[in-house]
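In what follows, subunit A forms one complex with subunit B and a second complex with subunit C.
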Partner chain A sequence: MSRAGAWRLGILGGAVALLELLCRLGAIKKITMIPPSEMALALGRLMAGPAMWPHAAKTFGNVAWAFLIAVLAGATIGVVLHALPGLRRALDPWLATWYAVPVFVFYPLFIVLFGMGDAPIIAIAFLFSVAAMTIATLDGLGRIPRVLRKTARVHRLTPIERALRIDLPSAFPYLLTGVKLALAYAFIGVIASEFILSGFGLGHEISFAYNNFDNRTMYGLMLFLLTAVVLINLVVQRIERRELRRRGR
Partner chain B sequence: MSQVHARLMGVSRVYPAAAGQAAVHALGPLDLDLRRGEFFGVVGPSGCGKSTLLDVVAGLAAPSEGRVTFEQRDVAGEVPDGIGVVFQEDASFGWLTVWDNVAFGLRRAGREAAEVQRRVDEALRFMGLVDFARAYPAQLSGGMRQRVCIARTLVMEPRLILLDEPFGALDAQTRLLMGDELLRLWRASGATVMLITHALDEAAMLSDRVGVMSARPGRFIDIIDTGWARERDSRIAAEPSFGALTARLWSLLRDESLKALGHQRP
Partner chain C sequence: MKRRALDMLLVSVALVVLWQALHWRVGEEGLASPAATLRQIGEELESPRFWRHVAETAIAFGWALLYSAGGGLVLGLWFGFRRLAGEVAEPVLTAFASLPKVTLYPIMLLVFGLGLPAKVAFGAIHGIVPVVLFSMAAVRNLAPVLTRTARVLRLDARTTALTVLLPAALPEIVSGLRIGFSLTLLGVLIGEMFAAKRGLGFLIMNAIGLNDSGTIMTVATLLFAFAALANAALLALDRHLHHRGD
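Our next item is the complex of A and B:
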C-alpha cells in the first residue's frame, strides 16, 4: 500500500474509533447515532435476512438503467454537438449551467407524465447524470490532437474506422471521467427520488426507518449503500488508473 | 532517374479568415517537381509555410490555387495510397504499445498475422526499437516516440515519404545519427523522400537537392544540387564542400530569416 493509502486508512480508522468511543461514552446520544460496531452488526443482519434485497435490487436496477441511458445518450449528444459546432455554441450556456438547476423540481411533473413507479425515478436520475457524460464527451473529442486526425487520413481510415480506432481510444480517459460522474449522479438521483416520493427502494427504506426511529435499520442501510458505492467506484477507478498510467499521467 | 514522382503546379494556399483572424497567405504560388527516388530537403525560416507545403503535397490540404499530382494522378481531397507522412508533432498512439503502433497500418490493411509480425519486427529492428516493443509511448523520450512514428510510416513501404522536422526535438549528435539512419532507410527502400528541416547542415548532409524557401508566403528562392553520391553518411560533414554548401544555404536564408523575424534588410 502507498503512503497516502496508509494515511487514508489510518484517518478513516481513527474517525471510526473516535465515533465508537463518543457513542459508547454517551457523548453522542443513542437516538442520534448508534456506535459503528452496531452499524456493522445491523448491516450483517440486513444482509442475512430477506427484507432488504428486493429494495436493493430495485434501487440498483434503477441506477443501472439511468446510468446506461445517460452514458449512451450523453456520448451520442456529445458526438453530435462536436460534429455541429454551430449547434454546440447555441447549447453551450445550457450545458454550462445544467447543474445550477435543481432537477428534482421536475419530479412531480415526471410523476404526472409517467405515473408512480420506476420511470419518473429513472428519468430524474438520467437528467441528473446525462449532462456530465455529454460534457466529458465534448471535452474528450475536443482534445484529440489534430495530428492524430491527420494521421488517420494518411492511413486512409473511413470515418467509422477513425471514430473507433483513433477518436474513441484517444478520448477514452475523458469518457471514463464522464462514466464515473454519470454513475455517481445516477446514484444520487435514484436514492434522492426514492427518499422524496417512492414506496420502494433503499432510499425509501432509509427514510421509512428514519420516520420510525429505527436507527439500527437506518444506519445499516446507509452503511450498505456506502459500501456498495465505494466498491463500484473502486472498480471504475482501477480501470481509469490503468489507462492513465499507460498514457504516462 | 529524373522521372517526376510528385508535381506541384502554380500551387498556393491561403488559410481563410476565421473568428477575428485575417486570412493568411501561407504558401506560393510555387512549382516543384519531386523526382522519383530522390532525397529532397526543404529549408526555410519558421512560419514560411513548410508544414503547409507538406500538407498540400500529401493531399491533407487542398491548394487554394494550382494543381498537385502524385504518380501522374491528381491529388484531390484525400491522401493517395503510397504516401507516408511523419509529422512535426508527436503522432504516436498513446493507447497502444510501440509494437501495436507500428502494426497499426498493416492490420488495418488486413495483412496476415505472420506478415504483420515479420514486417513490424523488421521495422522495429531498423529503428532500434526492439527493446521497447512492449513499452507505451509515454514511457519513451520525445526522440524515441518520433522513431516510433517513423517506423509506423516506413513499415507501410510508402513510395513517397514526407517528414516534417522529425528530429527537431533531438540534440545535435543524435540528429546526425538519425540522419544516417534516414539515409540508410532511403537507400534500402528506394522511396522518394522530402525532408523538411530547420537545420541547414542536416539539409546539406542528407539531400540530393535542397529547396530554399522565402519568408511567408513561402516560395522556392533557389533549389541547390548537392552532388553527393547515393552512398553517403554524416562523415561528409568533414568535407570542405559541405562547409561551402552550408554557407551558401545560410547566405540565401539570412535575409529571409530576418524578414520572418520582422526586421528590415540591413
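Our next item is the complex of A and C:
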C-alpha cells in the first residue's frame, strides 16, 4: 500500500474509533448519534430483514432510469449543439447556470404532466443529471485535435465512419467523465426527491425514521445507501482509469 | 457583444414561449402563466413578509458561502502545497463530492438542532468540496519555481499562501468558487425545504403542499434570476482572469 493510502486508512480508522469512543463515553448523546459499531449492526439487521429491499429496489431502479435517459439525451443534445455552433453559443450561458435552478420546484408540474408515481422523480433526477452529460459531450467533441479531423477528410470518411472511428474514441475520456457525473447527479436527484417529496424509497425511509426518532434504522439505512453509492462510484472510477491507461494518458 | 445580447434575448423569448405553451397544456393548477408570475413577482417584491423570507435565506446562504469558500480555500491551498496531505485527502474528497448529501441532513439536524446553524452547515458541506478540489489542483499545477522560491525566501505558511499561492492560482480558484456558489445555494434551499419554518425553501415547500403554482414559479424565477446574475458575474471574472496573461 502507498504511504498516502496508509495515512488515509489510519485517519479514517482513527476517526471511526474516536466516534465510537465518544459515543460510548456519552460525550455524544444517544439521541444524536449511535456508536459506529451499532450502525453496522443495524445495517446487518436491515439487510437480513425483508423491509428495506423493496425501497432499495425502487430507489436504485429510479436512479438507473434517470441515469440512462440522461446519458442518452445528454450525448444527443451535445452532438446536436456541437453541429450547430450558433445555437450552442446562445445556450452556453444557460448550461453554465443550470445547476443554480432548484429543479425540485417542478415536482407539482411533473405530477400534472406525468401523474403520480415514479415518473416525476425520474424526471427531476433526469433534469439534474442531463446537463452534466451535455457539457461533457460538448467538451469532448470540442477537443478533438484538428489533425484528426483533417485526416478524416483526407481519407474521405463518411460522417458515420468519422463519428465511429475518430469522434467517439477521441472524445471518450470526456464522455466517461460525463457518465460519472450523470450517475452522481441521478443519485442526488432521486434521493433528494424521495426525501422531501415522495412517500417511498430509501430517501423517504431515512426521513421517516428521522421524524420518528428511530436512530437505529436511520443510521443503518444511511450506512447502506452511502456504502452502496461509494462502491458504485469506485467501480465507475476503476473503469475510467483503465480506459485512460489504455489510451496512454 | 451585440450578438451575445441578441442570443440571450432569443433564448429568453423561446423559454417564455415554452413556458406559456406548457401552461396552456397543464392549466393554472400545474403551472402559472408567465404573465401571472410576473404580476405576482411585482406584488411579492413589495410585501415585507416576502422580504423576511428572503432575508432568512440570504443570511443562511451568506454564512454557508463564507464557510465553504473560506474553508475550501484554506484546505485547498494546504492540500495543494503539502503533496502528501493532498494525496491522502483527494480520494476521500472525490468520493464525498458524489455522495447524495441529503442523506446526511438528519445528522446535521440532530447535531445542530433545527434552525440556522444546521442550514449553514448543510450549505457549506455542499459547496466546500469543489472549492477544495479546484484550489488544490491549481496549486499543484503551479510552476515549481514559485513554491521553491517561497521556500528559499523562508516565507511562513501565511505569507506563502497570501503572496505566492493565492495570486498565482486565482483563475482556477474562481472557477471552483463559481461551482461552489451554486452548490451552496442548492444545499441551503434543500435544507429549508426539508425542515424550516422560514426562508425561500420553506415558501416553495409550503406552496407545493398547497398546490399554489403561482408562488412556486415566483420564487423559482427570482432564485434563478439571482443565481444566473451571480453566475454570469463570476463567469466574467473567471474569463477575465484566465485571459489575463495572454
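Just so we're on the same page, the second predicted complex is superposed on the first by the 245 of 249 C-alpha atoms of A that agree within 3 Å, B and C clash if a C-alpha of one lies under 4 Å from a C-alpha of the other, contacts with A are read in each partner's own complex, and residues count from 1 in each chain.
Quick note on the criterion: a contact is a pair of C-beta atoms (placed from the backbone, for glycine too) under 8 Å apart; a residue touches a chain by one contact, two chains touch by 3 or more.
Quick caveat: nothing in here was measured; it's all calculated off a predicted structure.
K.L.:
Of the two partner chains, subunit B (first) and subunit C (second), which one does A:109 touch, if any: first, second, both, or neither?
P.N.:
second
K.L.:
Once the shared chain is lined up, is A:101 touching subunit B (first), subunit C (second), both, or neither of them?
P.N.:
So A:101 only meets subunit C here.
K.L.:
Have a look at where A:148 lands relative to subunit B and subunit C in the superposition and call it first, second, both or neither.
P.N.:
A:148 contacts subunit B only, not subunit C.
K.L.:
Mind working out whether A:246 is in touch with subunit B, subunit C, both or neither, as first, second, both or neither?
P.N.:
After superposition on chain A, A:246 lies in contact with subunit B alone.
K.L.:
Tell me the contact category for A:165 with respect to subunit B and subunit C: first, second, both or neither.
P.N.:
Touch status of A:165: first partner only.
K.L.:
Looking only at subunit A, is it subunit B or subunit C that touches more of its residues?
P.N.:
C
K.L.:
For A:156, select first, second, both or neither according to whether it touches subunit B, subunit C, the two together, or no partner.
P.N.:
So A:156 only meets subunit B here.
K.L.:
Between subunit B (first) and subunit C (second), which, if any, makes contact with A:184: first, second, both or neither?
P.N.:
second
K.L.:
May I ask you to decide whether A:206 touches subunit B, subunit C, both, or neither, giving the answer as first, second, both or neither?
P.N.:
Only subunit C is touched by A:206; subunit B is not.
K.L.:
So, does A:93 touch the first partner subunit B, the second partner subunit C, both, or neither?
P.N.:
Touch partner of A:93: subunit C, not subunit B.
K.L.:
Overlap the subunit B and subunit C contact sets on subunit A and report the shared residues.
P.N.:
On subunit A, the subunit B and subunit C contacts do not overlap at all.
K.L.:
Spell out the part of subunit A that touches subunit C in their complex, as residue ranges.
P.N.:
Counting only subunit A, the residues touching subunit C are 2-4, 7-8, 11-12, 31-33, 89-91, 93-94, 96-97, 99-102, 104-109, 111-113, 180-181, 183-184, 187-188, 190-192, 195-197, 203, 206-207, 210, 218, 222, 225-226, 229-230, 233-234, 237.
K.L.:
For subunit A, which residues count as touching subunit B in their complex?
P.N.:
Residues 145, 147-148, 150-151, 153-157, 161, 165-166, 169-170, 172, 243, 246-249.
K.L.:
Inside the complex, what are the residues of subunit B that reach subunit A?
P.N.:
55, 58, 60, 78-79, 81, 83-85, 87-91, 93-96, 104-105, 108, 136-139
K.L.:
Hey, which residues of subunit C end up touching subunit A in the complex?
P.N.:
Within the complex, subunit C contacts subunit A at residues 4, 7-8, 10-11, 22, 25-27, 29-31, 84, 87-89, 91-92, 94-95, 97-107, 109-111, 179, 182-183, 185-186, 189-190, 193-194, 201, 204-205, 208, 211, 213, 216-217, 219-220, 223-224, 227-228, 230-232, 235.
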